[in-house]
Each structure stands twice: as structure tokens, then as C-alpha cells.
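The data blocks that follow each hold one structure.
Common to both upcoming complexes is chain A, partnered first by chain B, then by chain C.
And then the complex of A and B:
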């Protein structure tokens, strides 16, 4: 099947990638990944620096040339870029708003640039924040700029939002306000978001699904509901650490008041009996599945 | 940013939190529950997680769906919750509390059962 066959795109699948790779010269930044994003999801894209997150996002909006199959909103991102940007919006990790502009001018500008932008909605969203329409971008704090940017982008009547490290460098209150607006104003059960971040613990409860990249490879593509079913975390007394280790957990880690072990699937009953089941956290999974080779070597 | 612990799935923790509020009459019996979006925004949770929590409360017979209107608190929900909580207290918390009182040598008569005087003393 070629991408040209997508005449009647499935309206329930917003992104479909099959054997997608992106190479820069000799380096393979994204290595044979396959996944799909249905409508109404909040998908976290997790990975260390250099894991390929930004490259993958660029490919989704037609800014990087991939090999393999990729369909976004039923379109070919590079060939149909103009049409794609009608239905998908993107805040890159290097996003900036012009420092000299007033917020009201940005609204006017967006209205002229984007046919599906609603100035009225932008004003409504900005009213939730402490950003004033007459404020100049250069007078805003970093957190306010991020909120203004989200308000502008969320005022586009699109189906997919792609956010590359949107809260990097923001303080905790600004991050909270950013995600509150995203959940409140964007997620309506139809639209989806793909968001990359390092702050795994913070976004965990916001996500419906997670994609984990490690050195360009997709090491996990799963819904959070499945995480609870598939992975088992056992908190246990340090005294039984050896028996736990013998059952080959994915990860051994420390929790409040003791040790814990994370298993992919149900460990044998005699092992389960040694500990107490706790909720497997995304950050532990992240550590277990994306350990850097040099960290692995320390175990030998 | 989040207040969720690692003991239970997040949806279960939200269901427990909402049940505790129902027990306090928030929202009262017969009234509408807050919308999924409102709860999601308020608790910074994925709407699907909120849905699962509400579903769990509905399955426990505490909420009912009215077509086109959303979820409502079932009449008698508080009494049902209170009965469940009482049972749980007697089975789990009371034995621990009794053991602790015994260890500390506190008799029933020494406990102040009048919350009003406790408040006055603090004031």
C-alpha cells in the first residue's frame, strides 16, 4: 500500500506510521518505528536527549524526510504539507514568538495566516491566563509566553496537536497552568495530542498512551491502562532482594520504606508472595527500558 | 504536581476521592456529578482515567446515568457508602486503633467524644 491509496482516510486514526525511519547522513535518528494514534488520545513521547523525539515529530509535520509509510490525518506530510497544517498544529522545541509583537497583533497575524484560526477563541483562552492582549511578548515571563503560545495554537480548529518539550524551563506553577489549559480546552475526546517531555512523573496522569524511544527505536508503545495490566511492581523487604533478583525483574529500585522490583508480566506466585503489589510507575518503566548502555555496563 | 501515590491505579484513587466527597454530601444525592472535562481539568488527569473512575462508582451503585444529562448521585448513595466504610473501619482500622490505644493505656472514658469542646480548646 502506498500513501496515495489514502483517499478516504479513517477518521478514527489520526497518525499511522509503519516501519518509519529517518536518517541524517550515516546516523539513524528514527529507526524502523511503527505506531498509530487514534482520536481522543493524549500521547506522551518519552526518550532521553538524542533519542529521536524531535526528529519523529518533524517527520509527522513534513519537516524531515522519512523512509517507510507515514500517514497523518490521512495525508502525506511532506507532499500535502499545506493541507496537513490545516488540521494539525505544532509547537517545536525551538518555538519563539516575536519579542516586539503585542499579543493582540499576534492574534491578527494568526487570523490572516491560518484559515481555521478563531480570534474570538484565542481571546477567550487568553482570558484564562494573566496575559493581557496589549502586552508585548518581551514583557511576558517564560511561563506566560508558553501559555500565550498554547492559547494561539489551541485556537486553530485542528484535530492533532504536536508539542515538543512545551514546558521545558518553566516553573512548576506555569507547567501546571499549561497542562490545565491543554486538558480543559483541547482534549474533547476527538482531538489528540502528542507531547514530548522529560518530566515523566508530571505528565503520567495526563496521558492515555505512551511512546518510548531509545536510540531511535520504539521500545514501548502502550496505553496507560495496559501498563497497569501488563507490568507488575512488587515492593518488598530488602531481605528477600536475592530471591527477587533471581526472578529476573526488568528493574530493581528503591521505594519509600524498602525495595521494589518491576516485572514485565506476572512473576511466578512464589515471587509474588514475597512482596506487595504496587502501581508500576511510568518513570520506573522509562528507566528500565531506556537505560543507556554505559549504565548497563556498570552492572558487570 | 500530582498527588497520586503508587499503591493503586490512579483511576481507583480518584474513585476513592470522589466517594469520600459523596460521603460528605458533595454533590448531594440526586444532584449531577461534575463533568468528565471539569474533573480532568481540576485534577490534571486524562479524561479516560476520569471516565474509568466514574464508571467504577456507577458499578458500585453510587452513580446513575441519565440519558443526555450525564451522571447523577443515586438516592441512598451516602447510606450505602457509609455502610461500606463502617464495615471497612470495623474490619481494618478498628483492630489497629484498638491495639494502639491498648499499647498507650488509653481507656474509652479518657477520650473526648465532644468535637465542639475540642474546637473550643484549640481556639
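And then the complex of A and C:
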């Protein structure tokens, strides 16, 4: 298990956190995490409910008071919150647009409130959705609200987008449409995205890096290329399960037609000979690195 | 504070239809009722000559229209302002507003400016204009439409215009006098949600009673009373003189004196600001506003 690693180093770092902690009274929501996000990355923030994902994202946009060092776009998030939110856009949750407003009114307001917002681009992006400019938010489905929100936010000429469970509760078509718009219309190789989601398998193909939080601690900070190099999954016959277990894998799990074992690093050659190497999925890695709370709960 | 205007625009976009209804529905109802209902006059008015009666009815109907609209829009706006700290929590859109580059102070200040100053001011102006058709219908029913057109509008409109300007200029003073109470109520609503106003009311009553019984000093009750009286006299009556006392009781005789009266009354309202109570009110208001900003900042960071 890795703690406080760094995502691929870069000279143009958009987010830099060192020994960052956030406490709510006596509860530590984020516990001594260190990571950085360079430009041009799509970073997935994974963790169970209550792992500290939302708190970490709030700290990044100046809405939570952290201890430690934190710099976002070279700014202090709390002290420079207004300036920071001009260069970083943030979708804190799904379906939170004001229900009384029409979409065109939100464009008007965003145009006045955000110096880097393009009303023309918002209208172009909305034209590709089923959301009309004259529609009231309260008349839209949850998926349409999420699309409208992304279209508004994607019309901000920002360098960093932070998305906190942006597709929670949406059907699969809405989720697909949301991520297609995000990748097609916003990501350009220079901008970075930090997205937290429970639908790990759906975003895995979009991500370049992953951060995993477990009970407030950062248990993994790594690029997906590095995941393929570092973690080894062996598909094997159930008959050799005991020999696999003796090699202390991170996780033993079922795959179609047999079993598999996930290792951190190359397993010994005699163990590798017992199975067939397969690509470890993020879901398996996530379960392997954050399973302790689940096991603990089984005791109750 | 550069986002203050866009945030005020948000108030317009959110409440414009409600404001339009609050103006148009009572006006339409009034016009309808005045058109088909019965208008009863007391003996004194019945004894007046038609010209004097028309003038009296016109001026009274205009004053009543403007006052009713001010009370209606002012009261609803006041309650909107009191609920503004928590209004976006219901549909969770507070998260959307917090994700935009606007400061906590300006986000709290914008609804205060709109609902305490601009809406009441607009209500006064609209009341002044809407009073014309109301007075037309009223005078038409009492003495005939022709009498309305024969009225000395060259005297009436400037005189009532002076009253309008007097009230508009006094409005910011009234808001300043009321500000400690308004901000205290906003803070109570922020902390206790729907129980905010009852908690504040009961708290103030108990505190006032306690101070009076323990120390024999009704200082809190006196202070609250003084704030309310000063707020009311900031709009009219600060000089303590009745409108018509100097020039007689007939409207036509009093009209020419109204602009001078309004000016004296306004000067008295401004002079009334120079007292320790206003300094205390401003200090308390500043403290309460800072507490509201801190509450919003802390609420934004609550996980």
C-alpha cells in the first residue's frame, strides 16, 4: 500500500498538497495527504462514502479550512477563494442548479458573475443537449440538470475542473452523455479534471491518474500506466488457490471461469507460473486497498 | 464587491414575477371594487363643495394607494430578506452559488440592498404612479369623472411628488434604524431555521423583562421602541408637525406648503441620526453582519 505518493511530476503543477488535513471538531476527515496534479491530467478520486472525498474537494476550492500546505493554481484556496474560482470550476453535486431559474437566466447570471464565462459557448454546448434555453430548471430531469450544469461550467475558460459525484443517481445514458461532453468539449490536454465517483468502471477509460482515499488517508496516488506496471493480477485455477494465498496477494477474487489474485509488485516466478497474467481493474485495486472498513463491518 | 450588481440581478430574476403580482393584483382588485362597490363618505365630506370633495378624495386615495403598496411590498420584501441566509438550502442550490467566484459578504449584502432599499423605493414610485388611476375611479364614482380632470393637477402632483421624494430620501435612514433588528432576525433564522423569529422574539421579551425586573431599567424595551419610532419618522413626521397644521385643514390650502414641510421634515430626520443610539445601532449591525459572514463561511465548509 502506498501513501503520499505523487502523480507524474511536472513543471506546471495545478494542485499541490503537502501534509494536508481537514478536521471537523474531533473528527479527522482528511488525514495528512500529499499529492499533486499537473496540467493535462484526468484524475479520479476514489473512496468509500465518508472517506473524505467531498471534504478534500471543498478544501481545494476554499470551502473547507485545511491544515498543512495547499496551493491550487498557485493560490491559497481559502484566502483567495474568489480569485481561485475564476480559474477553477467546480460542480459540487448533481442537480443543484436553482430550481426557480430558467437556463437562459443562469447563462445571464454566470456571464455577469464569472469573468471567464462565455455565454456563446454555453449556448453552443446546450444546443447539443435536449435542454432548451427557456426551460426552467425545475422542469428538467436530473440528467438534464447535470448536462445543463456541465454545459455552463464547461463554458468557463478554466484550467482545472473539480467534479464531486457529478453523475450520482443518473441513468446510464445520462452518465455517458455527461462524460462524453466533458472529454469532448473541455479536456484539451492542458486543462486538468479531478472527478470523484462511485462508478469506477465507467470512468476508468477516461482517467490518466487515480487518487484513492480510505478513512481520510491517501492510500494510492498513481498514474494508470504505473498501475499496469506496478500491480499484477494472476488468473488461476481454483486448485492452486492455496499456493497463491501463500504468496500474500493484496486481494483474492473471482473472475469468469476461475479465481484471481492481485499483487503489489511482481510475484515470485514460481507463483507467476501458476496463473495467467491479466490486467488489474481499478475496481479490484480499489477493493484491495480500501476493503478494511468492509471487513470491519462484518464483525458487527 | 464587484459582483454586487450581478447578485442583485439574481434577486430581480428570482422575484420579479412575485413583485409584479404583488403590485398588479391589489391594484386590479382595488379598481374592480371601487368600480362596482359602494363608496361611503362621512358627514363632513358630504358637506363639502364638489371641487373640495374631489380634491380630498383624490389626495386621500393617492396617499392610501401608495401607503398600501409600500406596506405590502415592504413587508413581503422584509420577510424575504430575513430568510435570505437560508433560502438556497431548500433546493441545495447554495452549493451552486458557493461554486461561483463571489464573496460571502457581497452574497449576503445583495439581497439586503434589494429587499430593504430598492423594493420599498420602487413600491413608493409605483404607488405614486398607480395612485392616478385609483384616484380617477374613486373621484369618478364620488363626484364624476369630469371633476377628476378639473382638479388642479399642477398643484397636486408636485405636492405629492415632494412627499414621495421625502419618503425616498428617508428610506435609507429607516433601514439603518431597523438594521440591528433585521440582521438579528437574519442571524436567528440562519441558526434556528423556521424557529428563528419565535426564538428571537421570545428571547428579546425575556431579556427585556429580566432587565426591567432585575435592575428596574426598561432599557431594552425603550431601545427597541426608539429604533422602531425613529425608523417610522425617518419616512415621515420626523419634525413632529402634522402635514396641514400650518396652512389649515383643507387639502387645497395645505398643498402648496407640502414641499417646504417635506424638506424640513427630511432635515429633522437626518438631524435625528446624530445620537448615540444610531452609533450603537451601527456597531451592533456591523457585528451581526460579520457574524452572518462567518456563519456562511463556516456553513460552506461544513461536511
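List of remarks:
Quick note on the criterion: the second predicted complex is superposed on the first by the 280 of 300 C-alpha atoms of A that agree within 3 Å, B and C clash if a C-alpha of one lies under 4 Å from a C-alpha of the other, contacts with A are read in each partner's own complex, and residues count from 1 in each chain.
Definition applied: contacts are C-beta pairs under 8 Å (C-beta built on N, C-alpha and C of every residue); 3 or more make two chains touch, one makes a residue touch a chain.
Quick caveat, the model's predicted, so the values are computed rather than measured.
Room for both chain B and chain C is found when the two structures are superposed via chain A, with no clash between them. When the shared chain is aligned, chain B comes close enough to touch A:224, but chain C does not.
Of the two partner chains, chain C is the only one that A:55 touches; chain B does not reach it. In the superposition on chain A, A:42 makes contact with chain B only, not with chain C. Contact with neither chain B nor chain C is seen for A:159 once the two complexes are overlaid on the shared chain. In the superposition on chain A, A:86 makes contact with chain C only, while chain B stays out of contact range. In the superposition on chain A, contact of A:202 is made with chain B only, not with chain C.
In the superposition on chain A, A:136 contacts neither chain B nor chain C.
Between chain B and chain C in the chain A overlay, the least Cα distance found is 26 Å. Comparing the two complexes, no residue of chain A contacts chain B in one case and chain C in the other. Within the complex, the chain B residues that touch chain A are 1-2, 4-10, 37, 40-41, 43-49, 52. Interface of chain C with chain A (complex): residues 3, 5-7, 9-10, 13-14, 88, 91-93, 95-103, 300-303. If you check the complex, the residues on chain A that touch chain B are 40, 42, 172, 175-176, 179-180, 183-184, 187-189, 201-202, 204-208, 224-225, 228, 233, 255, 278-279, 281. For chain A in complex with chain C, the touching residues are 24, 29, 54-55, 58, 61, 63-65, 81-86, 89-93, 95-101, 105, 108-110, 112-115, 149.
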